[in-house]
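Scrolling down, you'll hit the structures one after another.
Next come two complexes, and both contain subunit A; in the first it sits with subunit B, in the second with subunit C.
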Partner chain A sequence: MSDVAFYDFVRGPFLKFALFVFFVGIAYRFFRVIFLGLPADYAKPKGSPPFMAVKKIIIKPTMGWTFNEIFSRRAINFIGGFLFHLGFLGLTFFVPAHALLWKEITGIPFPTLPNIVSDVLAYAALGSLIALTVHRALNPVLKLLTGKDEYFANLLIALIIFTGLLATRWAGGGSYIWLVSLHLFLANLLIIYIPFSRLSHFVYYFLSVGFMGWNAGKRGVSF
Partner chain B sequence: MESLYHIYKRRGYTRRDFLTSAIAISTALGLSSSLLPKVVKALEVKPKPVVIWLEFQDCAGCTESFIRSTSILPTDVLLDYLSLEYHETLMSPSGFYAEESKREAMEKYRGKYVLVVEGSVSPKDKGVYCTVAGKSNIDLLKEAAEGAGLIVAVGSCASWGGIPHAYPNPTGALSVSEVLKGKQVVNIPGCPPIGDVMVSVIANYVITGKAPELDSMGRPKTFYGQTIHDRCYRRPFYNAGRFANSFDDEVAKKGYCLYKLGCKGPITRNACATIRWNGGLSFPIQSGHPCFGCSEPDFWDRGMIYTPLSVVSGEFGIKEALVGVAVGTAVGVGVAYMNKKLRGGK
Partner chain C sequence: MAVVLSKERVGHEEVEKFYQFCKNSINTEVASYLEACVRCGICAEACLFYMGENVSGRIDPTLTPAYKADLLREIYKENYTLLGRLKKLFGFGLKIEPEDLKEQVRLAFYTCTNCDRCTKACPMGIDTPKLVSIVRGALTYAGLTPKDLADATNMSVEKGSPLGVDTQTFLQRIEFISEEYEVEVPVDKKPSEYLYIPSSIELMKFPASVASAAKVLNRAGVNWTVSTVAHEATNFGVFAQSKEVTKEMLRRVLEGAKGLGVRYIIAPECGHAYQSMRFIAPNVFPEEWTFEVLNIVEFIDKMIKEGKLRINKKVLKERATLHDSCQIGRRGGVLREPRRIMNMVAEDFRDSVLIPEHNICCGGGGGVLVIGDADYYRQKAFISKMTLFDKAKAKTVVCYCANCMLALTKSSRELKRDYRFVSIVELVAEAIEEE
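Let's look at the complex of A and B:
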C-alpha cells in the first residue's frame, strides 16, 4: 500500500467510521446509565437539587484553588493537569487542520492558531503528560487507582501529540505523509477508544459532578 | 552519431553554453559537483540517445510539456539531441513509413534505446480500445519493451493509470509497470510532468547508462523525494496559520497559504515548487491555484479538489453525528431496560 493510499484510507473511511463509533459509544454509555435509574427516593429534598447540581458543575474545577494546594501539596496534579488539558484541547480544536474538520462537522467556523502557539501547547501537553504518568506510577495512592486503561490512554495521547509534532516540525521529504497518516491513524484509535474508557470523563464528568451536587441539594448540605 | 557537444557546436552555441547545460543537468540530477568533469566528458563523447515514444490512452499533454523543457537545454538543441525515432505527435512520417521506422530503430538499437510511454495501457477485451497500425496497445508495449535499455512512463496515466483509470475505468486502464511486471520502469508522474524532469532522466541514462535512483514507487528520488509543501514559498504562511479564504481573497495575492482552498501540496511529491514551469517562471500555487496532487495515484478519484485536506472525504457532518447519537441512544436505552428487568425492575 502506498503512503498516499494509506493516508486516503485513514482520513476517509477510517475517520468516518471512528467518528460514527464515537457518537454511538458516547450516547450508548450516557443513556445506559441515565435509564438504569436509581431506586426511588421518596424523602422530600431539604435544599434545591437542580441548583446545587449546576453550582457544583460550575465551581468544582476551581474548588481546590488555594495557593498551597496548587503550588505545594498537589502541584503536579494541578499544574500538570492544567497544562495538559489546555494543550490537548487547544490542539484538538484550534490547530488549522483540526479547526477545518470541526467546522465541517459542526458548521461553526473555528479560529486557528499559528504554528508557534500550537508548538508551545504541544510541548506543554506532552511534557505534563509524561510528568503526570510518572507521578501516577510512583505515587502510592494513585498507583492503586491506576490500571492498564490509564497507561494505554496516556501512551496513545502522547504518541498522537508526538507524531503531530514530528509531522509539522521535523518531517522532511516524503516522511511527512507517513507521519501525518500515523498521526491520523492513532487519533482514529483514540476517537474509537474514548467512549469505552475513562477518557469519556469529558462527558461523564458533568454527569457525575452534577449528581454529587444533586445529592448535596437533596440533603441540604454544602460542598 | 553526434554527441550533445557536437550539436551545440553545430548550432552556433559556445562551449560556455554547453558547460552551463552540463551544470544544469548535473544540478537537476542532484549529482555532486565533483562529478561534473565526468558529466561533461560523457556529454562530449557519448552519442545522443535514441528514443522511441509510444502514446496510448493519453492527451499528448506530456509531449507538450516535454517540448517546452527550456531550463536545461534550449528547445532547438533538445529536439536535435534526442534521436526521436518514433513519436506519433512529433514525427513527420505516417502510416507504413512511420511503423517501418520504428521497427528498424528497434532492431538497430536493440538493448540501447529509451522507450518512453505516454498514456495508460488498456488490456481489456484484447486491447481493442487502443490500437495503432492494427496492433493492440498492449502488444505494441510488450514488443517495444523487449529490447529497450530504459523504460520511462511519463505522466500520471502511464505511471498510475491516470484519468483513463478513474472510476468506472471503462477500458480497464493499467499503468505501464502493471503490464511490464518484472521490468524496471521509471515513473515520472504528473498531469503533465515537468519537461525538465523527463529530459534529466534521459540525460542521466546517457551519462550513467542506467536509471536514476528510484523510490519504492519507481519515481526518481531527486525529483519526487520531497512534497510540494516542503518547498512551497507559501509555507511560512502555513506555519503562521495565515490562510486565504477564497480565490478572490486579497491576502491570497500576498502569499497566504491555500490550504483552506484545498491545496494538496502536503501529500504530493513533485518538483513543481523548485523547478517550476515555463523556464522556472511559475507553478500552480504561485499562480493562485491550490495544488490538486496530479502526480499522486488516483488523484482524480479522490475528488475533493477544493476541499481542505483535513476534512473527512465523503462528508461527516451534523446529520451523521446525530444518526450515531440516535443509534447509541437506542442501544443504551435498550440495554438499560434489560438490566433493569434483570434486577427485577428496581
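Let's look at the complex of A and C:
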C-alpha cells in the first residue's frame, strides 16, 4: 500500500468506521444505564435539586480544589488533570488541521487555535500525561486502583500527541504522510477504544455529577 | 429472634446471598457512580480513615473509598455490561472467596462512616456512601453484620432501643431528668403539635441534652410532647442497612406520631435519626408519613428567627470550634444553623473549616462506634479530626450529635487528649435562661 493510499484509508473509511463504533458504543453505554431506572423519592427536597444538578455539572471539576490539604497533596492530579483535559479537548477540536477535518465531516465550521496555542496545549497535555502516568505507577493508592486499561489508554493518547507533534513539528516535514497517517491510525484506534474503556467517563460525568448535585439540592447543602 | 445475624463462618451460601443483593441493588444512579470512577484516588485524601493512617506514617491504600466499592463494581460489570457478561459466559467471571467477604466487612463496616466527604472531593461526584451502604446491606443480608452492631440492632428491635431502653426505662429516665434538671417534660400529651424524640444515647449518657431540649421547647412556648410509643429516634437499621429493621423502627415512630396527631417531629442530636426520619421515612411510608421533620438545631434556629427564642448571653467564654455531624450537616443540610447559633452563644468561636461541608467526621458514625473490632480505625480517624481542632486552636468542641460526642469523647480519652466536648443545645438552654 502506498503512503497516500494508506492516508486515504485511515482518513476515510477507517475514520468513519471508528466514529460509527464510537457513537453506537457510547449511545449503548449511556442508554443501558439510563434504562436501569430509579426508585421514586417521596422525601420533600430542602432546596432545588434540578438547579443544583445543573450547577454541579458546571462547577464540579473545581470543587476539589477548595480542599486545600487535598490540593496540596495531590497538586499533580488537579493541575496535571486540568492541563491534560484542556490540552486534549483543545487539540482534538480546534487545532487547524483537526478543525478542517471536523468541518469536512460535520459541515459545521470549527474555530481554529493559533499555532502557538496549539503547541503549548500539546506540550502541556503530553507533559501532564507523562507526569500523571508516573504518579499512577508509583503512588500506593493509584497502584491499587490502576488496571491495564489506564496504562493502555495513557500510552495510546501519549502516542497520538507524540506522533502529531512529530509529523507537524519535530520531523521537519520528513516522512510527513506516513507520520500523519500513523497519527490518524492511532487516533482511530482511540476513538474505537473509548466506548470499551473508562475513557467513556465523559458521558457518565453528566449522570454521576448530575445525581450528586440533585442530592445536594435535595439535602439543602450548597457545596 | 435475632433479625440481624452475625455469622462466624462464611460459606458458599453467604457469598451467593451477598452477590444477589449487590446485583439487585443496581439502578441508574448506582450504575452511574460505578461507571464514572476514573481511578484517580483523590477520595483517599478526603477519607478520615486513610488520612489517619497516613498521618501516623502508615499508608493503607485499601482504605481508599473507591476501592471499597470495587467488589460491587465487579458484580455490576459482569451482570450489566456487554464485556462483563461475555467474560462471565466464557468462564472468566468473578470468583468471590469467603475471605473476600471478611475483607468487605472491614472496608464497609469498620472503615467507613458514610460521612460523604469523599463525594465532595471526587471530581466525578461519586456518592461512595451510597455504594458502601449497598455493600453493608449485602453483608447484612448474608448474615455477616459485625457482632457488636448486630447485637445492638437486635436489641433495638426487641426492647425498643439499642441500649435496651424499653418504655418503662424511658419513663424512669424522663422522670429522673424532670426532677434532676427541674424541667417539665410532657409525656403523651394530646393534642400536641410537636413530637420530640430523644435518642437513647442522650437519655442514658447525656441526660443534660434531653433536659436542655425540653427547656428550649418550653421556652419557645410550643405545644410539644414526648411519646412512650415513639421513644427512640436512633435507627440502627440504617447502620446495618437492614430494610426490615429500618422499617420497624420507623413504624414505631409513625405509630407514636400518628397517635398523638402531631404535625412536626423534632429529631434529637443524632445524625442517623435525622437522616432516617427526614429522608428515608417518606419513602418507607409514602402515604402515611405526613410530618415535617426538623432537627433540634433547625428548630432552635427557626424559633430564634421567629422571635420565639432569645439568646440573652454568650455562655461559652473560651475559644471554641464546631464539630459537624455528617448526617445532619453534610448529608442533611443543617450547616449554617449551628454556625449562626454558635456566633450567638460563644464569645470566641472559630470555625475549623472555611466551607462547612469540608468538616471531618468524628470517626464513630455509621455504627463504627459500637463495633469493638473497629476501635483501631476509629482512633486513627480521630487523629485526622484532631488536626482541625488544633488548627482552630480550640480545646472546647461544640457538637450537635450525641453519637459524635460519645465517639469523640471516647477517642480523645483513649488517645489521652484533653478536649472538652459540649452539646450545642445545652449551650442554648443556658443562654436563654433569665438573668
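Please note the rule applied: the second predicted complex is superposed on the first by the 190 of 223 C-alpha atoms of A that agree within 3 Å, B and C clash if a C-alpha of one lies under 4 Å from a C-alpha of the other, contacts with A are read in each partner's own complex, and residues count from 1 in each chain.
Keep this in mind: a residue touches a chain if its C-beta (ideal position, glycine included) is under 8 Å from a C-beta of that chain, and two chains touch if they have at least 3 such contacts.
A quick note: this is a predicted structure, and the numbers were derived from the prediction, not measured.
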Task: Scan A:S2 for contacts with subunit B and subunit C and give back first, second, both or neither.
output: first
Query: Touching A:V180, do we find subunit B (first), subunit C (second), both, or neither?
result: first
Task: Please work out whether A:T146 is in contact with subunit B alone, subunit C alone, both, or neither, and reply first, second, both or neither.
output: second
- request: Scan A:L100 for contacts with subunit B and subunit C and give back first, second, both or neither.
  value: first
Message: On the A-aligned overlay, A:F22 touches which partner chain: subunit B = first, subunit C = second, or both, or neither?
response: first
- prompt: Of the partners subunit B and subunit C, which touch A:L207 in the superposed model: first, second, both, neither?
  reply: second
Message: After the superposition on A, what does A:G37 contact: first (subunit B), second (subunit C), both or neither?
response: both
- prompt: Touching A:K60, do we find subunit B (first), subunit C (second), both, or neither?
  reply: second
Common interface positions of subunit A, toward subunit B and toward subunit C: 28-29, 32-37, 39
In the complex with subunit B, residue positions of subunit A that touch it: 2, 4-5, 7-8, 11-13, 15-16, 19-37, 39, 96-98, 100-101, 104-107, 112-118, 172-174, 176-177, 180
- line: Note: in the complex, subunit A contacts subunit C through residues 28-29, 32-44, 46-47, 56, 60-61, 63-64, 66-67, 69-70, 73-74, 77, 81, 139-147, 150, 196, 198, 200-201, 204-205, 207-209, 211-213, 215, 218-223
Message: Looking at the complex, which residues from subunit C come into contact with subunit A?
response: 26-29, 31-33, 35-42, 44-46, 50, 59, 61-62, 64, 66-67, 80-83, 119-127, 278-283, 286, 289, 329-333, 335, 354-358
Task: Enumerate the contact residues on subunit B facing subunit A in the complex.
output: 215-217, 224-227, 229-230, 238-243, 259-260, 266-267, 269, 296-298, 302, 308-318, 320-329, 331-333, 335-337, 339-340, 346
